[in-house]
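You will see two complexes here that share subunit A, one where it goes with subunit B and one where it goes with subunit C.
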Partner chain A sequence: MSFARRQHGGPLLRGLVVLGLVVFVVWSAGPVVWLIVSSLLEQQALISQPPDVSPSAFTLDNFVQVIAAAAALGKGILNSLMVALFSTAVSLALGAPAAYALARLPVPRANNIAFLILATQMLPGIAIAIPLFIAISKLGLIDSVFSLGFVYLSFNLPIVVWILRGFFLGIPVGIERAAAVDGAGVFATFWHIVLPISIPPLAAAAVFAFVEAWNEFFFALILTRQSAQTVPLVIAQFAGQYQTVFGQMMAAAVISVAPVIVLAIVFRNQIVRGFADGMTKG
Partner chain B sequence: MTAVELRNVSKSFGSHPVCRDVNLAVGEGEFVTLLGSSGCGKTTTLNMIAGLEDASSGDILMNGQRVNDLSPVQRDVAMVFQNYALYPHMTVAQNIGFTLKMRRLAAADIRARVEKVAASLELSALLERLPAQLSGGQQQRVAIGRALVREPRVFLFDEPFSNLDAGLRVRMRAEVKELHQRLGVTSVFVTHDQEEAMSISDRIAVMNQGVVEQFGTPEEIYSQPASRTVAVFIGNPRIELFPGTVARTADGTFCRIGGVSLALDPRHAEGEVEIGVRPEHVRLGERGIPAVVRMVQPVGPATHVTLDWEGGSLTASQPGFVRLAPGSAVRAEIDPAQLLVFDRKTGRRL
Partner chain C sequence: MSTRMSRRTLLQGTTAAGAVASLPRFMTGPAFADTAKLSVFSPLPPDPAPPGAAKFSEDAFAQWKAAKGAEVEYEMLAWPQLHDRMATAFASGSAPWDIVYMCGWVPELQSNIIPYADALPKALVDDLPQSSFSTVTVDGKRYGAVFTLSLLTLFYNKAMLDQAGFKAPPKDWDELKRCAKELTHDGNYGFVLNYGDPAGIGGTASYWMTYLQQAGGKMYGEDGLPVFKGDAGVDALQLMVDLMPFTDPGSISYAGINDATNVLLAGRAGMMMNWPFMWNAGSDPKQSKIVGNLASAILPAGPAGSASIDGTDAWTITKSSKNPDKARELVEFYLDAEVQKRQVLDTGWLPIRLSVLADPEVQAKAPNAAVVLEQAKHPYDSFVTADYNEVTVAVGTEVQKALQGQKTAAQAIADAQDQVTAIVKRRKS
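Presenting the complex of A and B:
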């Protein structure tokens, strides 16, 4: 036997809801669609007022030229991949046990500690940019993928701790008690029971951390010079002193967001479940 | 020999006392139930026996040894939880065998013991399924299997049937009782269902507001409740209570409830009391107190007839089906030998 989904409100209310959702989708997806469209337009068609979007103006030349000059973009993608994977992996490896300890172990003032961890994210980036630059330059680590990865780790770790702590708080205590009666200590419970059932929030946290590191521009700009430049900086270089090659810039951007979009599509179920569990059980 | 003993065990969460001076002695192979309504401290008591909660004060002993500072594993207890607490990512076989894996048994040994337990619980065909693919009853069996495979010294059950539907609950209850009779392992069971407690236990500890009100056999608890609280908690339909006055006359000792006098055992002293009448001790017939039928509830083996009389409301449980119309006048005879008399102030049975 099946039950029809309950309809709330009358046709007017439902119409308003649909209209609101359409506006939201257009608002959210519009820039992405325009990014893809403009990456396929000739420079002249793109800068004309209004832009010429007739079929004859479309071309793959921008992609051909960006791929032909692939060295810079390729290096940028590789650097981005390294810093994003490093900061994601380490933030999960450190964040998951920290979140579990704050959620479940008898840590004195766990809530205060959790709030302090979150509070580190409340400072605007610009406030820490100069001290961070001085510290890293004194260590001789400017233009290093390693140092950029560490900086991103410091941004990602608190968020990972918060996402995972919310989920861990929602795990029924009975499961961990059963594990204790079965002879599992704290570490065995975490490793054999808690982590395997936390794959959705772990995936959500991982995607969040990866995307944050992949897209970050400001700190990459001040902490790198040439060899450690990440994708956003490479894309920005299409804006020259005398001319901005918009089409190629957009084509490079399309290529650079592809891994993130693939990641989001592959893990979409885990991401949604992960964030939803964190919100409802936290 | 005493398998589990609690001596003056108390537990507080912050300033809130949950258990106060709990004293219990569970014999080797005995099946004891902690019975009470929610918040009475029964699950906390069980968790303290398991080692999942620390006692604030008092001693917990197992086979004469103080175990307050031992972990659940060191106490050698196995527990079945209210929500089954199965590991959702593990198959039935992995769930049952997890405790053996933690004890570093060889894979072949684990497999053999898991298969033996699964066969005894009719779970053999389900060993490769995940908990989400099982029915409530099957999940409960897996939880019991997980406890059985350890061959523990003490079984602990925390309201294990509360999530099952009524029919399955009765079946599982019988299965656990049979299992206990077969294995003879000391068991402590927690429930709020008095019928469950009565049917399954050797002895019952009735708890109320963190205190053990009475610890005795099901018959003692039912027939000789130590207090009004126990009398009200045990029995369905519940006991009816009427304020009365005990008076001694030349003809004997009586209790007056309004204009009605009920004969009492001569040992009762004069004073203000509360009289408890269980529905099965009220007979409808030609003699007795005049009353009017308010409601008739046939339940199969018996019919519960709710009456209005001078003293208030009274339920009479009659065998079989009784055809009576609401509003009809009847007479109710109360068996004086079965009356329960409570001190009106303290609530203790006199």
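Presenting the complex of A and C:
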């Protein structure tokens, strides 16, 4: 049923709905638009009050300079991609069966285990920073994208388990019973029946895990040196003690955020369905 | 030809290999077996960085490495993140560096570095301001060498002062207040600073410490306990409070000095305290609307005269260094007179050596060098201690409350002293 056909109110109500949506879109997209505009302005225009957005103030210099020094940014994007893809893929591969087991299998104290998994996320990062650094340092894995990927995996896995467990609990049990009647075992049911209808929540969990890993700053700061630096660290390099090159910082941010936006556009249908399903069934 | 391996040939081979392995290293190693590898942890340019990391004295650096048989690897990070990475590495006992940059962190991280500066050549030490060692000295031992003279001085918009009828920058607190008041009109303000972050050098507390010294006060007594709850401490804060109506209102939220600098460079404020490096940004037409109108002077005098604080950019050597002597030689190279001269001419960072600061070529290139040199004749104690961050959070937060009218200056200073006393006693117990 389309949105238009479901409208029962008059033009006033519809106008209010549209106005609300416009405000929401401006509120949500405003920072992104300003990021892009800032990346095209000279430093002098940016520090003016109000900022000078006359046509003459616009320039591509920030992008030219960021691309001219592209080695660090390019490497940062590559490192972030590797770390984010690794932690996302592994957290889905491990999280989906774990979530299914906690939702459907006769696991003793499944709810307690689920809360215990979530409780691991309640420790502030700073509390585990030094033990984690010592462990990774002893393993000789400082400044490695894989060690960073494993660390992010430990953050992402519990969230993925929780997102997917909520969805699996909402799947009608009858579907799985029908599969069992047809002779399917637990794994076959999970693989052939449950997973295919779980693409939207899997996509939503994947995007969530990917963005978390892509944006993480603190552990990337302490666990990397030069070769495994990720995008957030590269962008932070434009802010010094006495000088912040705002335009170039914004240009680097625009370039680095592109993969995430592309990902969101490609998977937009699955993301929306995934979160909507989670809301209604979880 | 048959190459069949018998037990005898295998035994002979392993014996020969064992004999070679047991030879002294100098007989078996490569030609440069004694090459010292040094790792330096440094800020990224344009913050203060050494030759090879920043673009100056690169040929001299290559010659030094060749002459000393040393390889130098730089690990660079944006300045705001330096402390966290360093502190984590030190705390875990896994710091991989030989030389590390410090900015007021020496007392805090002293157990991880060595007091090498006592072994620096006398001719070099004699050419450095003796007070520059105060922030790198703990229990009488010198743990570092400051490599750029970075003191707060007054920066002002000459055109704005001229229009308001001031032919010279303010020389004392009364003139400062009067000048700030006259400059405040039509959306412009007389003064701007960053009061948003209470902690650290360049935070709210450190600005108050500048005024504290100008008022004749000091932070700690001989016993190490705070003694600032007197007239000097209150007068210093009262000056800041009195300036607030003429201070850019954003100042209370600006967390970094960059934000305040931008207000001055946009021509929206007349005066501020700032570090020498601001001269570069203020003279760059891409960043500044007041090119040609930026000027600097020593800070206005309080009842006890002018005073400032020290940025304390210093090189230290870690305890974990495998080549501490070679590391010290590298620091000596960084402080070489010619390298120091190129540092200011090519990057804008003032030298620390007095002979280089007085060089006419240097003063022509960096007109504010003479002002900083003059400022250095007055006190500039940053009062850094092992608990400096905790202390400045406590003091700076109270200062912020007074600036926002939540407390009187006297009440804020009294409360700050109580908190700092507790912090110091906790450290000593």
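Keep this in mind: the second predicted complex is superposed on the first by the 253 of 282 C-alpha atoms of A that agree within 3 Å, B and C clash if a C-alpha of one lies under 4 Å from a C-alpha of the other, contacts with A are read in each partner's own complex, and residues count from 1 in each chain.
The criterion applied here is as follows: a contact is a pair of C-beta atoms (placed from the backbone, for glycine too) under 8 Å apart; a residue touches a chain by one contact, two chains touch by 3 or more.
Computed from a prediction, not measured in an experiment: that's the story for all the values here.
Superposition of the two structures on subunit A shows subunit C fitting alongside subunit B with no clash.
Applying the stated contact rule after C-alpha superposition, one finds that A:S28 touches neither subunit B nor subunit C. In the superposed model, A:I130 makes contact with subunit C only, not with subunit B. When both complexes are overlaid on chain A, the residue A:Q49 reaches subunit C alone and has no touch with subunit B. When the shared chain is aligned, no partner comes close enough to touch A:N111: not subunit B, not subunit C.
Residue contacts after overlaying the shared chain place A:A188 against subunit B, while subunit C stays out of touching range.
Of the two partner chains placed around the shared chain by superposition, subunit C is the only one that A:Q226 touches, whereas subunit B remains out of contact.
For subunit A, the partner touching the most residues, choosing from subunit B and subunit C, is C.
Put simply, the nearest alpha carbons of subunit B and subunit C end up 50 Å apart when the two models share chain A.
The interface of subunit A with subunit B does not overlap its interface with subunit C at any residue.
Subunit A meets subunit C in the complex at residues 42-44, 47-49, 129-130, 133-134, 137, 142, 221-222, 225-226, 233, 236-244. Across the complex, subunit A is touched by residues 43-44, 46-47, 75-81, 84-85, 88-89, 91-94, 96, 103, 187, 202, 256-258, 261-263, 265-266, 268, 275, 277-278, 281, 285-289 of subunit C.
Those residues of subunit B that touch subunit A in the shared complex are 47, 50-52, 71-73, 77-79, 81-83, 85-89, 98-99, 102-103, 146, 150. Only residues 172, 174-175, 177-184, 188, 192-193, 196-197 of subunit A touch subunit B when the two sit together in their complex.
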